[in-house]
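Just so it is clear, A, B, C and D label the chains in written order, and each chain counts residues from 1 on its own.
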Amino acid sequence: MRLPRLVGLVCLLVIAVLTILGPSLSGFDPAKQNLRAILLPPGTDGHLLGTDNLGRDIAARILGGAQITLSLAALAVASAAAFGVGLGMLAGWRGGVTDRLLGALSDAVLALPGLLLVLLLAAIRPDSWWTLYAGLALTLWVEFFRVSRARTRVLTASPAVEAARLLGLGRWHVVRRHLWPDLSLQILTLAAFGAATVVTALATLGFISVGLRPPTPEWGVMMAELLPSWREAPWAIAAPVVALAATVLSLRLAAGSEG
Amino acid sequence: MKQPLHALALALLVAAGIGLPDAYAQTRTDVAVAAPWHVSGIDPAQDGYTFQRMEVGETLVDADATGALRPGLATDWTVSDDGLTWRFDIRENVVFHDGSALDAAAAASSLNRAMTRPGILSSVPLEAIEADGNAVVVRLSEPFSAVPAVLANYTTMILAPASFDAEGNVVAFIGTGPFAVDKVETPLSLAVRRFDDYWGEAPAIEAASYLSASRAETRALMAESGDADVAVTLDPAGYAQLKRVDGIAVEAVSIPRSIVLKLNLARGPLADKAAREALSLAIDREGIAAGILRFPDAAATQLFPPVLKGWYDADLPPLAYDPERAAELLAGLGWEKGDDGILTRDGARFALTLRTFPNRPELPLIAAALQDQWRAIGVDLAVSVGNSSEIPAGHQDGSLDVALYARNYGLTPDPVVNTVDDFGTGGGDWGAMNWDAPEVAEALTAALRQSDPEARSAAIHTVASALQQELPVIPIAWYQHTVAYPVALEGLVVDPLERTYGLSAVRWAR
Amino acid sequence: MAISLGKLTLGRIVQAAIVALVVGVVGFAMMEALPGDAAYRIAAGRYGYDMVTGAAAEQVRSELGLDRPAAERLLTWVGQTFTFDLGQSAVTGERVGHAIDHQLGHTVELALVAVAVALLIAVPIGVLAGLRPGSLFDRISAALAIVVRAMPAFLIGIVLMLVLAVELGLVPAAGHGHGGNFVLPALTLGIVLASVLTRVVRNAVAATVASDAFQFALHKGLPMRAAFLRHGVRNAAVPVVAYLGVQMALLLEGVVVVESVFSWPGIGHALTHAIFERDVPMLQGTALTLGLMFVLLSFLADLACRALDPRLNT
Amino acid sequence: MRLTVEELSVHAGSTRLVGPISLAIEAGEPLTILGETGAGKSLLAQAIMGALPEGLTAQGAITLDGRRLDTLPPRQRRALWGHEIAMLPQEPWRALDALMRSGEQVAESHAIVAGEGWKTAEARAHDALSGLGLEERAMAAWPGALSGGMAQRVAFAAATAAGAGTLLADEPTKGLDEARRDDVTALLLRYVEDGHLLLTITHDVAVARALGGKVMVLKDGEAVEHGAAAEVLHAPKSAYGQALIAADPANWPHIIPQRGGEPVLVAEGLGIARGRRLLLDGVGLSLRAGQRIAVVGESGLGKSSLLDTLAGLIPAAGGAVRRLGRGAAPFAVQKLYQDPPAAFAPRVPLAESFRDLERRHRISRAEREMLLERLGLSPGLLARRPDAVSGGELQRLALVRVLLLQPAVILADEPTSRLDPVTQRQVMEVIGAIARQSNVGLVLVTHNRTMARRWADSTLDLSDYTPLRAAG
């Protein structure tokens, strides 16, 4: 296992453990405010990373945010992968009309800029997280679809699959033995990049105030809230930014292949 | 496509880190303004306030910084004994920007056209507006003492007849102000230049530009980098930051706008006065003012801020912060805390949804603070940050629980017009909801009709104290209007009524 | 499996038609499903939130005929679109077509300069890293690209504005009008694009240099520079250009954020406001234009690929 | 002109890949290196050229006309490329830049390497290519459109354009059919006759025989034979040398043709098409159980398409394919592939592929073990993944996999073209023997006419069925 990949996986593990332990780790309630102790520097009165512009403990909010952001990212990527790879294999395997139809559908979705789709969905139900999830998943599945369709098309024409079919081995054998081992590596890479895109997109949505409803501690919303006081308390905005960068960096390293 | 190449060269220069000669060295004759509001059209009914603040359009009646009325395009005005007819004498030798002269007929037609569009005129019982010789006559169906104040509002700006097409749509903004329109690029920018044939004192600066920058951080940075000379409505952090930058002066002026909580009294929990009082007691106004707004003395003790003389009543008992008292009041009403810490009474949870909107950066933050403070006394408040129009929509269809917004009581120099709309019978989109208070309605109509000062202030007093006790609307804080400008820009006066940026009176030092 | 030029063009036209339909219907259906009353939102957009009252909303409702059944309004919109009349903005009353031309011009200018900046950054770094894969420079540029990619565009924008406009005073911070305003938004967008483009260029160059064709060019005696210019560049350009076509989605998303940070009157800015102010015609107009712009750019990328690689247009 | 190499060896870190090898080449006396694929032959050429891939190092003295090359700094060593020493690549169609016209790739060597003006360079290139038998159309064509033979000639012209005195040819005839192979050999001979030095690396004994000069045979990275071509090719001393020579199909024993059992596969008036183009017409074939038919023809004539049509994978463009007797059973017609690793699921251990097959057709493990033993394969091989098993063993495993279904017909598409001569001979013997014992009809597609004559009961020459010929 190459070093960068190992480092990536270790970081991911650390982040996962912190996420599972959640806000209780910091000993503070992420929503508890103290308006007389706003923007405290790290380390004062037991606040590991200081307090935000409403006096809430930043460390607790980062951990709480991790739970929301990462679970949303995992969910969106998982469903996008399942949906995209499934349709990709179908299109690659069947070819002909199915392939063209699904290809046109993916092009249409691709033509609609991702953010627009998410904006529209988020605007329908401004405060529910499932519309965000649906929007993000809808924009991500196309990538999985295109990769798996291309690989499936190549593999179905390969001698190995032709021989398997001549030998009477069914479709599931081909998928389990030929398609999945080949695709799984690439899907893992795409998933890592997909998760990174979701995390960044949530931050952007938070910035144009379409994100989740207060007081949910979501990294993107935190950045938007803490951005105005970046000169007064640079460490406050630094916390979500570093958390986001660390997560995305470790995802990319864990994914291994060149991004 | 010269632009991109030019920009590319600049990008290269930047990459090479070569400093550009300081283009702003010699004494300047232009001023750039940055504010959050869009210039979505040139119709006074739409975003007209920007044209008034940039002193392009003027109204018959003007108001000074204290809110006292003074002559504008009308030199003086009288009212008939029965209070139904007002005469406004039009100022002599005033010229529109297209050179045409201002006369009573032009003023009357401009006002008649304004009546066809939503605006302040719709809350006045108007019969007709006609020109009579060199005066504009306003006929009413019933007495209305605030007609001059209404004619000071931006929706009643006087435009030259050539500004309108056949259907009354505005095709060009031809006003009478010291500055004329140079170029409008909706929705973000407006450029004006000095109008040399202005009837009043000619301004020192020759040109001014207005840029709509919706992000508060951008406005603060533009002020600091010198790209915007006058940056308006800064967010608390931006204001605190610019205070520390030398060469830049910041001012915070309390204006007749209050941050209030609108309550729907038809909702079970909010019907009892004691419950509303408890909710008010649970609010830490000093904490919000100091922590979020960064102006400790912005904490509201009553609805009307001190700047509204006559309406602010010093001897009204101030609103207090006493969570224990609040808990006792709620217990007295039969609310007990459930295991999730939320009060319940005969099966119903004390849960409400607060609607607010992000255009004013501090509102979502205050909403989050209220959510936490009410939770402490067992009230579950959900916060929904959406579009500002969801509040009047909720008022009309009754779907609203609670709303948080900043209500402007200075739409007209005399706040009576707003208060009638907000607290008259049946309440108002931006005022009380399902609050029957006949004695307040009576007092308001009296204030509206009475011209005798004692009777009027007695009526106002009844209204103010009723609002303080009944709390149909819970005041949170008095709004501070913030402006930042270079020290070198002399003579800038910040208008608390937000009627003008005061560009005609400024000049650059040196 | 190279498809003929004719078929490709037809494919793209069909895709454009699909985009128009999807954007129109989906946009419309979503706007219908939005909570709250569209008339109130539009009134807030037009008359400012102080003036938004029940009366103002009623007037808007009757003026725009918002009480007509949804299907009827959609049909009128579809009918108009085919005659290239995108109707009137419900908020500003301006003709949508006109507003978009005006704003589209700004966004296209910004996008062009951003792509130029991205190439200016990505090509040199990508080539240097690609020529020495695994070197320290390669690893550092990879890590840097990943970190920049992780940063949301608005953070990059604010940092650039702070450093270049406020501290150094080199360029105007925001707004538009004179040329200087271009620099910061284009630079921000360029950096966002370059963060991904650098890796694509690096991979393309590394693959080309390791290919048999390049090795043979060297073995023939061609000096490194001549071999790279004559054989390296074209072969590396094919995947880069193909990637540029797909990457337009990232560009369009960046535009939405960068335009709101720098108050650049582009189509991205108009899009976010159209959604908040529920300005249906404006939303559909901007979404349609963004979608078609994307289809056009992917088509141009296809053509560029075919021009570079003869094998594609058999 | 003289090239000498003393004690040359190539190392990957601490492990020695090939050598130490010493050799000498004079003008007019080419040296040909023979040996198994993967014995490190190419590394020798790359070491001499000074173009070893990253991570590999060479030791030993290399002198050209009295000048030491191995001690030269890389920049000066590279300056010799094209001018003094040139290398002909293994797969020319991959070595030519797909995005530049063929003629231009030769002209650029004249212009840039040899330093002639572009005008004269283009004329020189044109003369060189027409001298090698390429028409105008080929010169202007993209490399992708050239046949293997043409691509090799363009590569040769490009490599020698700058007048290099020494040429290292690495597997110049790989993937070419007999006619094209002889063209390339003639080309190399002419290069030698012009007084240049030639080092050729090949696994094809016939090429070594044609080139003459000296021959060296490599086994496990060491030289087991080294001497004049005439001696080594006729009376090799080492065991491997003898096996190598014996493996040349020309030295195979003649087959005793057999009638075979009842017919299992019959095709009459068969039309073969790929896409819209009609490749072959009127093809007739009658295969009996246990019988072997060889199908020969130049590459690109449609051999593989014929096999796919017989296997029922693609529809016939005309005529019909009928399966008779045992041939009619399901899974009775099976296929063996040209590139053994490509016929198995790449990322899955072989045992799993076999287990799936056995479970699908309810075949007992014992049958598989018995077949493995008969084909001399150790069961332990199945634990590995395809890419960890040699080409020869994989092809035999493919045969086992097919035989598990007791097929009536096996269609073999150039099964040994990727293998070296010794393994090729073993595999062909095994296939022939098993077919006879299991009474299976065999159709072998190959471009090697000698092998076809020595191995099959009858031969079908596809050039008799090309549409022009059939129509004419």
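Note that in this section contacts are C-beta pairs under 8 Å (C-beta built on N, C-alpha and C of every residue); 3 or more make two chains touch, one makes a residue touch a chain.
Here the structure is a predicted model, which is why all the values come from computation and not from measurement.
Looking at the partners of chain C and chain D together, the chains they share are A.
Of all chains, the one whose mean C-alpha position sits at the greatest distance from that of chain C is D.
Note on interfaces A-C and A-B: more C-beta pairs are in contact across A-C. Central chain by Cα centroid: C, whose mean Cα position is closest to the mean of all protein Cα atoms.
Chain A and chain C, compared by their mean Cα positions, are separated by 21 Å. Per-chain CA centroids place chain B at a distance of 86 Å from chain D.
Once the centre of each chain is set as its mean CA position, chain A and chain B turn out to be 42 Å apart. The distance from the centre of chain B to the centre of chain C, with each centre set as the mean of the Cα atoms, comes to 37 Å.
The residues of chain A that reach two or more other chains are 227, 230, listed in rising order.
Under the contact definition stated at the top, the residues of chain B that touch 2 or more other chains are 217, 386. If you sketch which chains touch which, the pattern fits none of the simple shapes: not an open path, not a single ring, not a star, and not all-to-all. The full set of touching chain pairs reads A-B, A-C, A-D, B-C, C-D. Contact residues on chain A toward chain D in their complex (touch as defined above): 158-160, 162-164, 166-170, 173, 177-178, 181-182. Residues of chain A that touch chain B in their complex: 31-33, 35-36, 38, 53-55, 126-127, 209, 213-215, 225, 227-232. Considering their complex, residues 311, 313, 330-331, 333-335, 337-339, 342-348, 352-353, 356-357, 360-361, 398, 401-402, 405 of chain D touch chain A.
Considering their complex, residues 49, 51, 78, 81-83, 86-87, 89, 91, 94-100, 108-109, 112-113, 142, 144, 155, 158-159, 161-162, 164 of chain D touch chain C. Residues 14-15, 18-19, 22-23, 26-27, 30, 33-35, 142-143, 145-147, 149-155, 158, 196, 199, 202-203, 246, 249, 252-253, 256-257, 260, 271-272, 275-276, 287, 290-291, 294-295 of chain C are the ones touching chain A in the complex.
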